[in-house]
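You will see two complexes here that share subunit A, one where it goes with subunit B and one where it goes with subunit C.
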Partner chain A sequence: MGRRLLGAAVSLLVASVLIFIGTSVLPGNAASVVLGRGATPAAVQKLEQQMHLNKPLTTQYTNWLGGFVHGDLGDSSIGLAQGQKHAPVWALISDPVKNSLILALITALFMIPLSLGLGALAAVYAGRPADHAISIMSLAAIALPEFVIGSLLVGVFFVWLDVLPPVAIIPPGQSPLSDPTKLILPVATLLLASLAAGIRMVRAGMVETLQAEYVMAARLNGLSERWVLWRYAMRNALAPSVQVLAQNLQWLIGGIIITETVFAYPGLGSLLVTAVGNRDLGVVQSVAMLIAVVYVMLNLVADLIVLLLVPKLREPA
Partner chain B sequence: MTGRLRFMRSFSGAVGVTIVVFVVAVAIFGRYVAPYDPNVPVTVPLAPPSSHYWLGTDFLGRDVFSRLLYGGRSVITLAALATGLGYLIGMSVGLIAGFSRSRIDPVLMRSVDVMLAFPPLLFLLVLISGAGTGVEVLVIGVAVIQAPGISRIVRTATLEVSVRGYVEAAIARGERSYAVIVREVLPNIMAPVLVDSGLRFTYSILIIASVNFLGLGLQPPASDWALMISDNRQYIAIQAWAVLAPAAMIALLTIGINLTGDAIARSLGRSYVPKTARSAVI
Partner chain C sequence: MSDPHNPRPETGIELFDHRISRGTLLRGAAGTMLGMSPLLAAACGGGSTSSTGTSASTSAATPVKGGTLRAGFVGGGTAETLNLYQGVTPIDESRAQNLFDPLLVVNPDLTTGPGLALEFNANAAATEYEIKLRPGVEFHNGKTFGAEDVIYSMRLMAKSANFASVPFVAGINLKDLKAIDATTVKVPLLYPDADLGANFVYWNTWMVQNGEKDFTNPVGTGPFMFDTFKAGTQSTFKRNPNYWQTGKPYVDELLIQSIDDNNARLEALQSGQIDAMAQLPTADAKAHQATGDITVLVAKSPQAMMFYMDTTQAPFTDVRVRQAMKLIADRPALVASAINGFGSIGNDIVGKGLPFYDNSLPQRVQDIEQAKSLLKQAGQENLTVTLQTSPIFPGFVESATLLAQQAKDAGVTINLKQVPPSAYYNPSALYLKMAFAETQWPPPSIKFFYLQALSSKAPYNETHWKNTAWNDLLFKAIGETDQATAQQTWNQVQKIQYDQGGYINWTNADWVDGLSTKVKGLEPHPAGVLGNYLFMNAWLSG
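Now for the complex of A and B:
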């Protein structure tokens, strides 16, 4: 376990370096990039000071990372460029973080039972029509980028059937849950994009488990097929499935960035895309780091759950 | 050749190849039969489909059908370049790591692990926020995303091959490492290494199209399927074809490649678990 924690810490450290280098060591001056072409030298110099660009790169990095660890996400570069004294990133992202979490949680709530259920179903009926149908559908869905799925869904449910709204714009300060119909298409898009991979991997794990000797033994002992399936096979297929689900949740993060943009949903992902477009380096750094933390944590939690499920894998202390 | 093309005999392989050939043909040759200039307004914006403008016009009054015929080349070319560059980097790293049998191996592989722990789209967005939007940034960024996964497969295959008799013989003859790698190792690892190249290509298409859609890749007025979708999606209620036609083209392309890749993997018949576009990278 200690090794895994250490690995996660190293991953995060490298992520922070990558993010910092990606946003800081750019050709040209960050302050003039933020301000745009028509900026006066005086304005550039002032912003440089506010963004601490006049300090050495290593100092900038340690200050940023130190602040991040203590919950200080720094300032929005655009906010500073517009003349604000302080433009804390926290204030910008507190609502989007909540909105993104709501979207992710609702999706996960559907995704986990659906991918386990459909994956098991395909495995039990392996080689028969139900399996082929599930396999071909998932093969097709997995190939599609989220924005294509989203656009096609809008085409069907808004343009053609006119039953669901094409965008999920939430007024500031309002909860997305106040109008759940707005969430249906974004959640459906994320589900279609992420479910397929989960189904395929659960199916693969389950097919393997169903051929194991202990399953055969249970069947020969005359146990009912349902008992064999749920008490014997499912339990053992669950360990790899947990990792699959963690991977799915990680894909969800990439998917959320695009899906939020498709539906103009005010979450962390669409905020990040806007910040990248505006080259608001302060926001990009902190939001990217925040997402990286979630990503690595998901992996760690999945490893923990697997260790709990499969005692065999526990390392000697 | 019959052995190599065996995957075509399966239903999904035949369908997949047909779709891919069709979409790629449209992307490459479409521009020569396009009825209008893709960048010039031909009539009123958002006109519905008619006998003159088969798919109607977009939000600027440009012919959607012509833009569709022009718009495939960019994403396919960029994805091919990025995937190729990814293989170049990934194979170099993997060959060095697998062949060296020294301390370089664990160092390289640890770096690969760390790279794989970073969300690909996030990496690309951070890169773009620093280096700006541009074709080069997109290609290099996607190649860097692809490289770690490739190098891992190459390393495994190299480790396996480099203990074989013919490699040991070449080393014993005193040939230079470079010659041994190029002449003995490389030809013998190509099959397992290239088996999922189709899926990697799909992933490159997926992520490049996504970045173009976000407005952070190719810039207007380029005709690009993903860009067409993001340009016109505000007006989907009035002129749905301007969004749905390019969406359908991207869907056909990626589904076609995935079906083909799946059929190839199955026809090889080894204990190969068909990977998916997304899992191939992460």
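Now for the complex of A and C:
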């Protein structure tokens, strides 16, 4: 486990360098955004000073990373360019972070049991109509990008049936949970776009284990089919599936960016999209780094769960 | 719609550019990231002097009081600001125009009328003005509006950080501004200007209170009072019960919502989560005019959409090549295809509908034979040029593509190069360096456009026009106090641009917005989207 933690730390460090370099080479900066056509070289230079962009890249990087490690996400470049002395990134992103977390958690709450349940169902009925139906529908959903799925759902549930709101406008300071109907279509979009991979992985694992000798043995010993399925087959099929589910959760972060834009949902995705457009590097870097931290944490947790499920992995190699 | 010197792009993707455009416009547009939402809108004057075309009007009946008006705009993310001297996007403009008031208001025919100022009185040489202010106007905090506020505002506008307002006060001798009494201000100028009032209609020049510092809790004299503001999300305003235009506004509350995606904004309107949306894409506008489920608000406006040629870069150094290019453009086809007909036909000079626009120039039409002959004289048969375009405003890429097709008939090959919106209006990248490109100008006045784009010190000299005699003529037109002589001089200024300049103005694009059918009182207005943001006129029926 120690090695895994070290690996995680190194991954994050590499990510931080990549994020910093990646954002630094974006053409234009917040100064030219704020100034618009007035972005003459002299005016830009003045604002770059305000944004501390005149210091060497390495100094900018160490300042930023040092702050991040200590919980200081830095300042919004746009805020500084507009002449504010301090424009803490955290104040700008705290609400969007909460909103996105709520959306992701609710989606995960449905995604995990649905992946397991539908995957197992498909495996048990492998090659029969239920299996085909599940496979074809999940494949069809994954083949469509989120904005198409979102638009289709809006078409059906707003334009046609008029039972659900097509956008999720949430007033600042209000919890998205105060009106759950607004969350239904965004969550459904994310689910449809993400379920297939999990279902297919669980199905493949289950099909394999259901043919394994120990499962056969369990059956021959007269254990009930339900017991065999859940206690023997599922547990072993889970190990590879946990990694896929973790990947799915990581994918959610990406899917959320598009889904939030489609539904005008005030989360991290919408914020990031405008921040990139505005070249608000302070916001982009810190948000990207937070996402990297979540990614790495999800991997660690998945590894841990696999360790718990497969005792043999616990012994040192 | 937005800032005249910094247009912003319209789409979401490059929000960045939003800010870029001449100020506001661009910003507004910025929301388009992902290509979703365009900023846009446009407008231009109708045929002769008047310019307010309309499509649907929402007036009639007696206004009902109360309720909350919720308007959705392309947002600008964290770059949204309450500082009206820095704002460049429509959503910034929507807040500023309702918190603050102008010295002069723009009428629906684009003439000006009294606002916070009752009179602008010039001396004979138009080098000094006395501005008479409206007495008895109160700020939201109860303070009385007066001469010191005007002086403070003008000096604040000149600060370099307030880049959006600087050009409007560049001709004023700010040091010697003087309050003659509580409601009279003496304004000395650096050069003669017969129409100083035209500088104080645009929202980047509206009046703030003496001592206003950071705009975190803005206090104005406008129809709505500040309540809350969360950049990139939502802001709210309360009715000003002491507004000087008695009886207005009609609604109790105003809510401005950022919704970057065009589809999401339209769906929010259709589902009743907002009551008004700015910048309805023209294709959607056409569809909903047919169904009638929402009110499509269309305003003719002077928003110029143009191709431009750098007169200092070959082959455009030859005036015959520029003239040939102007004759190649089939303007009606461009308007019909690139913006679904939501615009009037352009005539290569900017400002249709505005005072001093020259309506006597013949409408330029496509003439391929004449174009070929000019190119032949210039030794440029089989000319090949590159046109740089960008999806920063709706209609840019479409019009460029169509122009390239039209040019084939004249034996001219136009190669299209699509560049990122973030670079298009960025002077550190491509802006002012491209030989052949596209632009958009929503000019608050003819004078503003010529000073910003064509005068010898113009900061946005897209065509790199340099002509000393012409520049003298321009300043003569600006300083001429006799109306008839001023019009004649302005006509000469415009005729030279029409004949020799580097702009191909193919349309003056309409502002196109959507309203819930229960919103009444908002009338199409050539000066801006959603009836020029005059939400004090709006009321909700039913």
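Here are a few things to note about the model shown:
Methods note: the second predicted complex is superposed on the first by the 296 of 317 C-alpha atoms of A that agree within 3 Å, B and C clash if a C-alpha of one lies under 4 Å from a C-alpha of the other, contacts with A are read in each partner's own complex, and residues count from 1 in each chain.
What we mean here is this: a residue touches a chain if its C-beta (ideal position, glycine included) is under 8 Å from a C-beta of that chain, and two chains touch if they have at least 3 such contacts.
Small disclaimer: the values here were computed from a predicted structure and weren't measured.
Once the two complexes are overlaid on the shared chain, A:82 sits against subunit C while remaining clear of subunit B. Of the two partner chains placed around the shared chain by superposition, subunit B is the only one that A:15 touches, whereas subunit C remains out of contact. Shared-chain residue A:172: touches subunit C; no touch with subunit B. Look at A:24: by the touch rule set out above, it reaches subunit B but stays clear of subunit C.
By the touch criterion defined above, A:240 reaches neither subunit B nor subunit C.
Touch criterion met: A:92 reaches subunit C, while subunit B stays clear of it. When the shared chain is aligned, subunit C comes close enough to touch A:44, but subunit B does not.
Residue contacts after overlaying the shared chain place A:154 against subunit B and subunit C alike.
Of the two partner chains placed by superposition, only subunit B is touched by A:292; subunit C is not. Residues 27, 151, 154, 158, 166, 258, 261-262, 273, 275-277, 279 of subunit A are contacted both by subunit B in one complex and by subunit C in the other. Of all residues in subunit A, those touching subunit C in their complex are 27-28, 30, 32-41, 43-44, 46, 76, 78-79, 82-83, 92, 95, 151, 154, 158, 165-167, 169, 171-172, 258, 261-264, 266, 270-271, 273-280, 283. In the complex of the two chains, the subunit C residues touching subunit A come out as 3, 5-8, 12-23, 26-27, 30-31, 33-34, 36, 75-79, 81, 83, 86, 88, 160-161, 163-164, 166, 228, 230-234, 257, 259-261, 263-265, 267-268, 270-271, 273-274, 420, 422-423, 425-429, 431, 459-460.
Of all residues in subunit B, those touching subunit A in their complex are 12, 113-114, 117-123, 125-132, 202, 206-207, 209-210, 213-216, 226, 229-230, 233, 236-237, 240, 243-244, 247-248, 250-251, 254-255, 257-259, 262, 273-274, 276-279, 282.
Taken in their complex, subunit A has these residues touching subunit B: 7, 10-11, 14-15, 18-19, 21-27, 136, 139-140, 142-148, 151-152, 154-155, 158-159, 166, 196-197, 200-201, 204, 247, 250-251, 253-254, 257-258, 261-262, 272-273, 275-277, 279, 281, 284, 288, 291-292, 295-296, 299.
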